[in-house]
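Letters A, B, C and D name the chains as they come in the text, with residue numbers starting at 1 for each one.
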């Protein structure tokens, strides 16, 4: 096969594309689009190295899946060549429905659909054009394929997605505490009773993985400046939609304008199949180019938010355990009204509160199971020889207050 | 000082911003623009990790300069606090004149000026607005400041720019052979007779540095697929200029259109100071967003080239030591004419030849000097205990032929 | 100063020896001895890379101390040049009293003294010979120096010793989960109310540090095979002492024989000052050379244990949470008696039980304090936004049963 | 197979022992002995991290061989399971004949035999005890097996031995310039015409490998302080032999004394098969323990040399391109005679000259061949697009003068 390519990956070393079929998926324009979507959205405002793409992550997760399969086979679990290809395709495409700056998009441009649904629709569209070649991959993705552990490789609390993104995001941000020993966890993977489990020897590595993930959440994904920037982006897009609805013709690519003007539902996507094509033309470039151009728009709120994003003059943000009082917010709203001579409604784009939440580990259905020598399996929270994981299962909630720096 | 910030860098670890002044330069919108310009342009088509920005590189080079200054001071060379700040500013801003996808830009959008000249103009504009605070930095940059070795830190064959970009490009591409031990080279830096030199103990590290740089040239910067992609981008922009000149109004941001329509000279920039502002609004986002939109343009050549760039259907390329014969090129031109029903002139955008050249080391003015114990200094090519560096001084020339894959 | 040397360290990069005084301490034969004592004793039976020495660790800890001091000074805390040198000397010498295979030694050769006491005696002896130059270092070591936080750099739950050994032991074993971001923790160091504290921003790094340390304990330091090997070594030395006491003249260096024959007390060391010199001649080489030679000794127990150590035929070991029953042990004792035709007392060297214990974190006196913005300090166990650290404070106890492989 | 073990290697990550047979070889006491022999002898006096063992290196080289075989098979070259095991065994055992501090030993203790001959004898002895299981491995080692490329994996200018030791020695010394991208070179391995070759794409990696190796020679293996230490050790052993010959009974293990007293030839080893057993009891521990004990010996030369080695008071050494004049040496000899009141003959142990030589690359038989697309193979020196490799083929010779620091 002359399509057996090697890709350099600073995180995992050389990655070999395992088959022509996988290679063709990577070559597909829908997948190539992921080259233009950054994995961590606006985190680069805090971590300048965090400019890696979803394209790279998806290939990395596929690579890790290959290693997992080899390990499971070595331990005597049968996985056919077809199943290997299907699970590799499923992991490769699991995030293909992400739009530019995922959160912003999910809250504004395609507010009625989650990215998982869009991933599903895109996979089905590719499947059609490939004559059903993705059938098994889709079954695994939907968790209707008989071997349930294959789905757990794609989606669970210790799936290949997480193993790759933790390693990758640590690498590119430079937050070395996020480094996990995926190599060791992979060696400890096993299957018992059609469940993906971890051999008991790997228990400390799993504990470390959970703590590392928690750290990455608070130090990177939910870093307060990143939160501020994301909110600034969301408010920008909301304002752009608002102005569009009022008849303004904002600068933008054709596809971007379609999503600014409409708020499509699942039904719309089904009735207008070309919408998937339009969606797949959207990426970070559309958004940021428009934001640059909008810096000179007549609408003060829009241009002000855009200038802040481009020149990195972001909202000031305060994080705390208690929720903020109405009084606190109102003080800032009034300052904004005064500072910029705007209405209170307009001011609410510049001063507002919100809430974030994260659980390091959940004893939910797709939990992490540890396999002991006597073929007993236990949830990691119970298997650990002290109560720390159990303690980590409690969700942490934080409240934030964002304020435009001009109204402090 | 409450502006003393720390920046995470996966390449060098934590970087401390040394002063308020440097912090203010980093905050400047002209500098923030570098967040939106990738250091290696289209190399990400081959090395998906190579999406790091000129912003990150400039800060990394500034950090390395800090270490160099500390080493030189420890060896008894006087460098005042003002000089330290000036040389740090000079290195920080040395590449600020780079446009999107530097090469493409230099050949098409601003063909009459080199990026160094634009860097100079931008520095002078910032200097004005800061009341002359960059005077000394500009003198060092222009090499008119008395202590000549400070200029060599900014620009020479072993400058801080190269030390950073080799380390950084290796890191993000994953081409581990490009890794250099900048830490050791920095420890070996010295000054003799107002020249930047390397202590004799560092001779093997310098040899390794030269070989690593040569390797990065052929394996990354001049990788054949990267060359093909860059030529595809150049031809795209040339076609866009041609259509603009013929009266077409192509999609694009205001600033981008200005540079598509005109071909400014140094004189133009002097007479119309606002051009610098327009230039500083240009980045990778303008270019790629337009290319996406141009995929559906009526002009076949333009839309064809753009589709190729977006879907990664790049020119096929052949590299060889001899130049290609006219016959070879013409064969492909004819095939293109036939395949796409276009004129031969149009076909010349889809099949053409070119030439690249690289010297691993040049015994030019800003050469690398080795300081021996008896205060003798020798050029590295003469200092090495065999003739390999001397051999590496010979430039290597390669010829290439690019052909659209549809006319093979 | 021409003694300003640079030492290559794969863990921290280049280490600069900060002063002539520190250099002279490193040159001292008592300190050079640490080149011949491995940091992790017999862990190399499991992790072949774990052959690094206490010499390297001590210098690494000294280097980290330098960084800590620089950070604290940058935050406005006064530390004089003399104090810097004293605390550096204290950390450099803090472990100088370790003997070969520390545990084995502490249980057998110098059973009446802890290594800390011996460190103290050696420091005092060097101090005499240097005319009191170590006075302040000794005060800091003993925690009688007024600035208490200096002692905490040398000895606390987040001291420079731990920061170095976790990083170093991870590096050399290849257990990458043990990697901690010491760089970040160091940047977060602060002093409040004469206590060493961590700025609140570093809280997740500290959590990670505690979990990493716990992992290293169970995966490396208390790894079951390492435990088995250490017990085999301890029993070997006990047997050698027993035979010596019975009049056998075992092969060994002069110094080794002295410690085989006697069991010195603190008082002995004071009355016979030359004992320190004899002690400082002991290292891993004496022990292992004798063990090789003893493989052919007439005494079955001794030669059998020695052969096992040299040929890596180690005790089989079982680890569990409950203690073992007397019955279980006795079964194995009987098998040993039968297999080797030995007495039950002799068999007790080949089948026996024991207990290990480890706390990831203790809310003791030298606890880890977090400094919040409003100058409130809290214990890390209380400061963490969930209860995991608190849960990690509970000590974990495990029981083991070691059995010679010949009597299974 | 329950012997399928995993070994942690900080250099290559997890290493899987490929078969029971290989596992049994590793368990063999002759192989376990390599745990007690440092790979880089006395280099730890300069690079404290360089304490890794020949045990670890041999296993690393075996691991790399596994990767090479997988690559070659993927490229369509047939290698049977038996051949795989044989070549793995051959590389594992290739250095098993190394004695303690190889050079010192080869010059003094077993002066009539090279370590390769001893390796051969040990392999044959193991082979006997295993009923011929090593037959094919020995044929490959001796280069009499039909598939010649298998021998080249074990021994050539780009063999698995070199790939491992360069990577490993860089890692443990911390000399990061020595890092090679063995992963990439391995991916480029190919076989043509029964010769091991490198695909043309890998040419820059090979260049880099040659330069890295040259750098490691001058910066580590032939570092002047390492040379001084090795000469001090050689002179120590020579003196010990001389005293033994004169009837002194020096402290030492039984095996060590045998080799101090005799100077065995190849014939002796054949006639007295037990000598191999005695040899396999010798390691770094015997030598250094004796040196410590000899510090108090009556013979001034012996005790003086030993004290220097233990307390790191090493010869001063000067390196230059020209040879030293007799006059220079004699001056120092006279000083030594005077300073220590010794004879001129005795003084020759304390002041003497020598010569070292290294070629970065040799166009000899086991050269490095590059395979071009048209199935042309060229020597790397001719294949490189400039003359640097060719220049590196010239051997570099340096002369040294060692002098005891007491007679300067």
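The criterion applied here is as follows: a residue touches a chain if its C-beta (ideal position, glycine included) is under 8 Å from a C-beta of that chain, and two chains touch if they have at least 3 such contacts.
Owing to the predicted nature of the structure, the values given are computational and were not obtained by experimental measurement.
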item: Those chains which touch chain C and also touch chain A; value: B, D
item: Of all other chains, the one whose Cα centre sits farthest from chain B; value: C
item: Centre-to-centre distance between chain B and chain A (centres being mean Cα positions), rounded to whole Å; value: 32
item: Centroid spacing, where centroids are CA-atom means, of chain B and chain D in whole angstrom; value: 44
item: Chain A and chain D, separation of their C-alpha mean positions in angstrom; value: 50
item: In chain D, residues with contacts to at least two other chains; value: 13, 175, 183-184
item: Contacting residues of chain B [partner chain A, same complex]; value: 7-11, 13, 27, 29, 32, 35-36, 44, 46-49, 51-53, 55-56, 59, 171-175, 251, 253-254, 281, 283-286, 288-289, 292-293, 296, 310-312
item: Chain C - residues contacting chain B, complex; value: 6, 13-14, 183-184, 187
item: For the chain A and chain C complex, residues of the former touching the latter; value: 175-177, 179-181, 183-184, 204-205, 207-208, 211-212, 214-215, 218-219, 321, 360, 385-392, 394, 396
